[in-house]
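First subunit A sits with subunit B, and in the next complex the same chain sits with subunit C.
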Partner chain A sequence: MPVTLQCPGYPEDTLRTLAEKLPCRETQVTSLLSLMGQPDHYSYPSVFIYGHRATGKSHVVLTIMKDLELPHASVDCVECVSAGLLFYQVLSALFGPDSAALLPRCPSLSDFVRLYKQMSSNTPATQTRYIVLDRAERIRDMDFSLLPALLRLQELVNDNVTIILLSEIVWEKFRPNTGCFEPLLFHFPDYSKVELVQILSKDHHPSYTPELYASYINILLGVFFSVCRDLRELRHLAMLNFSKFCEPLEKGEAKESDIHKLWKNIEPHLHRAMQTVYLREVSSVQWEQQQMDEKEATALRGLSAHAHIELPYYSKFLLIAAYLASFNPARTDRRFFLKSHGKIKKTNFLKKHEKTSNHLLGPKPFPLDRLLAIFYSVVDSRVAPTASIFSQISSLVTLQLLSQVGHDDQLDSPKYKCAVSLDFILAISRTVSFDVVKYLYDFL
Partner chain B sequence: MNETLTTSSVSKGCFVFKSASKKRKRHVGLDEYLVEADDDSGRDRFRICQKLWETVQTSTEEIQNQLNKKVLDSLVEFIKKHELGSSSDVWRQRTSEIPTAALMLGVNVPDHAMTFRSLCNLLQDSVTPFVVSVHAKECAAVKHLIQKVLEQLMGKAVSVDEEQEEDAALPQKAQCTISALCQWYKTATKKCSQKKNDNGLRQSLPVVVIFKDFEAFNSQVLQDFIHICSRYIQELPFIFVFGIATSPSAIQHRLPHSVSSLLCIEVFQSVSCTQHLASVFDKLILNAHFPFKLSSRVIQVLVGIFLYHDFSVQNFVKGLQFSMLEHFNSQPLSVLCCRKREALLCAKTLSQQNVERIRHLPSFMRYVETQEPEEQVKLLTSDQHVKEVCQTLLKSLHKYHKNYFPILQCLHSLTSSLPKFPLGKHIRELHVSCNEKNLWETEEYDSAMQLLRILAKNELVAALQGCSDILQSASTKRMQTVFQQVEDFINRLETLESVSSEDSSVNGAISGKIDYQRKTDLFQLQKTLLEKESRRTKKMSPFEVLRSQVIEFIDSLVREYLTPAHLQPLSEVCYFSSSGILRQRLNVTPRTSIQAALSHPYYYLQNESLKTNAGTISSAAPDLCIVYKLHLECGRLINLYDWLEAFVTVLSAAEDQDADSGDHGQLDSLKHARFIQAVSEMEFLGFVKSTKQKTDHVARLTWGGC
Partner chain C sequence: MSKRRPAALSDVQCVSLVQELLRERLCHQKLPDQPIGLDSQYKHLLELLRRTAVHGESNSVLIVGPRGSGKTMLLGCVLRELMSLKEVQKNVLLVELNGLLQTDDKIALKEITRQLHLENVVGDKVFGSFAENLAFLLEALKKGDKSSSRPVLFLLDEFDLFAHHKNQTLLYNLLDVSQSAQTPVAVVGLTCRLDVLELLEKRVKSRFSHRQIHLFSSLSFSQYVDVVRLQLSLPQDFPDHRFSSQWNQSVTKLCEDKSVLEVLKRSFNSSKDFRSLYSLLFMAVSRVSVSHSTLCEADFLESGRLISADSKANVLHGLSILELCLIIAMKHLNDTYDGEPFNFQMVHNEFKKFIQRKSHSIHKFEKPVVMKAFEHLLQLELVRPVDSGVCKVQREYQLMRLMLEHGQVMEALQRYPQCPTDVKQWALSAFA
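Our next item is the complex of A and B:
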């Protein structure tokens, strides 16, 4: 019972197929269509559509554009590393690449407006032109005047044009503090479980009945709905595990009506998938390979199983020193690293008000001098301050085990932070038989 | 230099300018490097060194290729698999991920370049011409990354077929987009498929993007790039290779789930750097055919740098190269450090000078002392005789090496399976201890032998079998007889079984028990050992008798062949032993050198007038040194005026002695200027910096002194 979409000016049957293509988005489609009005009517200058990932924003808008054959330019703002690229793509989609080639190098907004005006006066609009900007949040990173200008582009170029912005972020985060033209806001809510079933069931496998596929999707959602509502991801998982679901059918062990049997077969498998392939611990290809081999026992090693890192000896100590410097308050260094710290008593050393664990607060930056001082006191042998010690510090930075705070090219007393976890440092210090816990203020 | 050299950079760093004149100089006489006025063999040494270095290069390359073969092959397999599977099933096309290979390379970053080079070559030869590799340094923003990819792809394909010269112009930067690449790709593949229509089944050629240093990439850049590429994956079959130095979890740390879900990641592990180093050792250092040798100290320095600092095999080989250069440069007798035949030839034609040098070699002098008196006289007087003796000594040195290495390998294979590795886990450790002193006099050797003495029969046979495999390929006659003896022992051990199987089973049980305890306690082990010892005195089974014979035999081999190399006459010819120089050059301490230069200017300038006794400040020293020494006596903050006063006093102290000029100790503007220059040099070197606390003070930046 598809809702019949009604919109004067467009052919009936196109609207009908459109409704079929966009299940569960009838209300949004209806209101979008009514907003757009008849092809030659002026439309609202700018529309802002937001909603979580994979709620069908791009899909709905682009399907409408394509099926109704509306003149439009669709641009993904991630690709537009500069505003010029955006202008180029818009112009070339609306007026052909030749017109876009007229843009000067590094075009400004006014170049764009001028060229647009020129082009639209050459070929006046018979229908509303649409400019769809996906991932519009990137526009905020471009020139600050770009967004306000785009929002009232209709006025600027004096043409029947509508901007449609798509984003996962709410409009409040966009609004420039100087104020601007307010676009019309549309929200695409998340799909409910029922809706997800309905959408996913549509792409059933050609050699099986739709009912079977629908019950498969139901089982799948029963497992995954609590952790994942991303339509694209669910579709991916459905595709990956369908052959396993069909296995008893292929072997003749079960019939299509034997849903319970099929469920028993697939359910543990899906749980395993949740821990592996869903987290990308195991790649989809490896996952399918494993299904085919049917050697379930030989579990694939996931990505995080390879956490071990081999490091040169002094790098290990540098890393340990960096960890200590990051998680111990600087004033406690005397106690930990001075052989005769004598007088400092534990009572006044442990301040009462310092209840929060440094580990909860995260690593603190420390200067290079402090790192080296701690390094020389923890490393068990005399180490000359060679150039390779210093280059090891910068290697640790490129390996992202340390991170440099502040500017890259700050020569004068650079500061670092340790970027590894406690587990990691425990494993490292075990290999050099150094008891790091004894030196950590939090574990005193 | 009268040309002005400029860089466009204002940032830190040093810039290397290759001056044209230098290059010309190199061409004049590459082989004159080692030639000194009174020396004729320099050219020969240079040639030998050059040749050896070529061997080193080819064999390291070979080793690397061999070691990488497996991982590279599986990588190529992975890429081919995805190339074929990309568009087979329409039902599944809807969700396509970008195939991604996470190539684990280890933290020895300097070695990666070679791996990537062979990967690129391999891919271009066997899979696809479209291979791009990018470095994080060049890709600070996503547009740079895209630009790099485009440049490499389009530039390369243009250079392949020359007709389309006009395409060569890169698109304007404004159009550096993946969609432009898409257009280009369509035409390029059309051309490709036209060319090789005969094997028409070929599917779309993948575009491989290699991220050489994944960790160093800005994660936002990566995320954006992956997003963009995934939009085009249907038309442009991308395949990524991430070169990862740490661990695969780096991917999860850098990329959020929404992005990593666009990838289909598989992990490929390359060989570890320690394994790599071990192969280099086998091929170049523990090999009798490679005439140049390193002394144990030098090995320790090089291995130390490897283990403690960088894990880089590349740097290790550089160290080896440096040792070679140093050896051939500083040791004139290294003309004899070559293949046996050439060395003998060379010995025949030694110059008189070199004969004299041989006489002064410590190992040769030791040899002379062991000879009869008349022989001694002959050796000291007749050059011809020295040349002849030299030849026999060279022969025996070569023989020594030919016997040494097989026995070393045997001993290693015997002891490397013992608990706690009494003689070291790696063969290089065993080699070092053999070269340091007589191995059989060490405690470690004793404990290893004791452990060998309690091996069960099957273990012993297996160990001997390992030895016989090693010895089989050994070339000398002596080694062949040793091989026969080992085989003989194996046979006897095996026939023993049929004679008294129950006996040996008892024994096996005992040592089986010991085997158990091994892991728990060494002390316990010794106790059982002693118990056994006492039991043995009572009665020994045939197996035990035979076993102790075997151990005796091994021990005799060790004593005969594993003698330290420096005791061999003429060993200095082949062995490079200046570990001090090596350490100084390879493991530099910039801070110490600067301090040495500033506090002892004589050390570098070698000017007699700069020689001072400690504690005094000479006015003859460069201004910078004077200022430096004065600042050592100050605290954290230095009053500039006091410093200037002290400086002027030191300078005028000298003038005082010359003449009693009236204006001594006075502040003339010349001294003032010299002082200011020296202080700014100090600031440049990072010893002081100006401070905002007090305007007429500078802060000291180094520790110590106060």
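Our next item is the complex of A and C:
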């Protein structure tokens, strides 16, 4: 490593190993260490670290904490459904589980601060204590006073404590409306392409040369870099597809120097991976299985291919009617569904008033009466408005194929929206041999 | 450095001492010897609290000022002065409450009991009302002392949050005690809201003495620079004289440097409060190390750059090309439809038009891939749903708004590493 970390007060050899553990993050580590200062000095009350997913925020911070053996509590805010859990974790990490047991059953912030004060007066801080809160954006959803109180915890408990908040979201979205103690903002920049190659090539396969793996990573990034910069995702994809990349080598069809041949082999495979395994259409286990069996990659049906649902006959028509009601303007109903619809000027009708089509704007709400009217006109046979018809409507709502708009009245003229896609409704109408497209205003 | 006096400390120790001293001053908000520029307010508050402590007068006062204007510091200095008086020291009781911590009256009352050391007196008595409970607490104090009752100072930090409690019972009772001649109490509220009196109920407001101390910074820029010099310079009793004089000289020189003054001016123009100044100084001070033992202008420039960095631009820098294209498409939609909200379908449509007509560098992406990119933007809160109702519509039809300015998008595009030219041109063209 060309960069050596320097910071007085910490053992030098751990600093050296630290630099090796955190590749491409030397500047961040150096400035973070200089912000933290020597362990027995005061540090800034709160530091807010932001950066994209998988840029090494929590990895860097936690590695520093662990390797330098600083007293710290790390809490993932997603786990803390209530503030009490957060207090419990912080206290037990900093002062041992005995102190956390002193918390009352539903602890308030006041209890937490009181206990913290009590504990820290028993064992005064010789080193700065750190509280690391991962995914701090969840704190905003908790008690309104929690975030401002945590930001000035150093002042409240009068102890050498620093809060480190980690988040993907910028600080402006956190600030409460009456203001608070402003933390120091610290940015973790994204990895550049060169750095990504450098990091990803670290876990190369032992039976192949590092150069081969590096060129594989280059090919992978060539396909995925414009879509995804998430290191974790890229690493996962690299692991999944490497065996396919090596296939020609094992069969003896190509040598390691034949990069072009290898590229030709892997590139369509990677494009297929983007449409399937990147979107979690097929699971990674299925994907690996498929490579093993050497099946055609599209042979496997993904999750979204299972969208077809078997419905009762009237439910199908109800859904079709709902779709037509949602995506057709009400003024065109006469033209579509009335047999003798008087005189309507054809030119006038076809002149589209709306510039954008309804399939761009999304479904419009419609009242129950309109749904039933369209339903009766598209169903050939006579259907009595029995209880079963109405219960089918409400069961379509619970299946989330329809959604009810405005919960104000359940009985008196409720309004609905259709919540299925065009492909779905086309598939349904095919089973009852009904041509939906003929009735859709957008496709005239 | 060659001739070192035996009494002098080594460089490492010096730097460490400087760090310790300045860090405590800048981030732990150590009380200064004398508040700067707040003489009249200081005298007023001291006199008021002294009257309560010595003569047994009941008072109430509000200290109002924006964040970082030194309210807590002023109060701390006054209390330090007050407590140095001998007759006060033994006699006065302090109760500190914070609106952030004591979020309702029950917790606040428990905290008052605890801070007055009356838990054993209260025991498990049952009280009919809040007022009865408070009266009992104050009565207990009266009995505790032989001669008369001891004065109590109530310090209410974040006073405006106490006004949000139900019926404002705590405030009503505290101010009521201060009005009716009972136990001498002083109620000191600290708040940053100017309209705090409007938050009070009528009966509470009428019992408040309407004494307000306003702390507004009337600092000129030259005074501001003086504060910087004062904050950074080392005190007289620093062990190593040679080092401290060297340091102080370098600080004085820095405060005359043009580029440093420019950084300070920018900070001064954005806000006059001390907190943001301290964070700037802290950043600069933290860069001082053994190999680099005096502050230099580069430190200031660097920390000024870090503090004033636009965080959204930083986030935009890390997006993938596809996500950037979606943002440009949203910008175009915003321009053509004059800020109307949009949904994913429209954005995708716009993006598709670009791919079909203009782009050569970006190949076609499947719709679900684009959807994934869109959801990432949603997660970063660069786009926000118009109504935050739970998933009632399909994801692609949910109406969204872009949370970025036109200028921010364009600047991000300029700074984006290896941005394809056709994407740039697409962003510049008026018509999508």
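The rule is simple: the second predicted complex is superposed on the first by the 365 of 444 C-alpha atoms of A that agree within 3 Å, B and C clash if a C-alpha of one lies under 4 Å from a C-alpha of the other, contacts with A are read in each partner's own complex, and residues count from 1 in each chain.
Going forward, a residue touches a chain if its C-beta (ideal position, glycine included) is under 8 Å from a C-beta of that chain, and two chains touch if they have at least 3 such contacts.
Note that this is a predicted model, so its numbers are computed, not measured.
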item: First (subunit B), second (subunit C), both or neither touched by A:His52; value: second
item: Subunit B versus subunit C as contact partner of A:Ala149, first or second or both or neither; value: second
item: Contacts of A:Val78 with subunit B and subunit C, given as first, second, both or neither; value: first
item: Partner chain(s) touched by A:Leu399 [first = subunit B, second = subunit C, both, neither]; value: first
item: Partner chain in contact with A:Tyr88 - subunit B first, subunit C second, else both or neither; value: first
item: Touching partner for A:Arg272 - first (subunit B), second (subunit C), both, neither; value: neither
item: Touching partner for A:Val285 - first (subunit B), second (subunit C), both, neither; value: first
item: Most subunit A residues touched (candidates subunit B, subunit C); value: C
item: Residues of subunit A at both interfaces, subunit B in one complex, subunit C in the other; value: 279, 304
item: Subunit B residues touching subunit A - in the complex, by the definition given at the top; value: 11-12, 81-82, 85, 91-92, 94-95, 97, 99-100, 102, 104, 106-107, 109, 141-143, 146, 172, 174-179, 213, 215-216, 224, 227-228, 231, 245-254, 257-258, 260-261, 263-267, 269, 272-274, 305-311, 587-592, 689
item: Residue numbers on subunit A that touch subunit B, as the complex places them; value: 53, 76, 78-79, 81-82, 84-85, 88, 103, 105-107, 203, 205-206, 232-233, 235-236, 239, 279-280, 283-286, 301, 303-304, 306-315, 384-389, 392, 395, 398-401, 409, 411-412
item: Contact set on subunit C toward subunit A in their complex; value: 12, 15-16, 19-20, 23-24, 27-29, 67, 72, 98-103, 107, 110-111, 114, 160-161, 192-193, 275-276, 279, 282-283, 286-287, 289-291, 306-307, 309, 311-312, 314-315, 317-322, 343, 345-346, 349, 362, 365-366, 368-369, 372-373, 379-381, 392-394, 396-397, 417
item: Contact footprint of subunit C on subunit A as seen in their complex; value: 6-9, 34-35, 37-38, 40-45, 50-52, 55, 108-110, 113-114, 143, 145, 148-149, 154-156, 160, 168-173, 178-182, 184-185, 187, 189-190, 192, 225-229, 274-275, 278-279, 281, 304, 356, 359-363, 403, 405, 417, 419-421
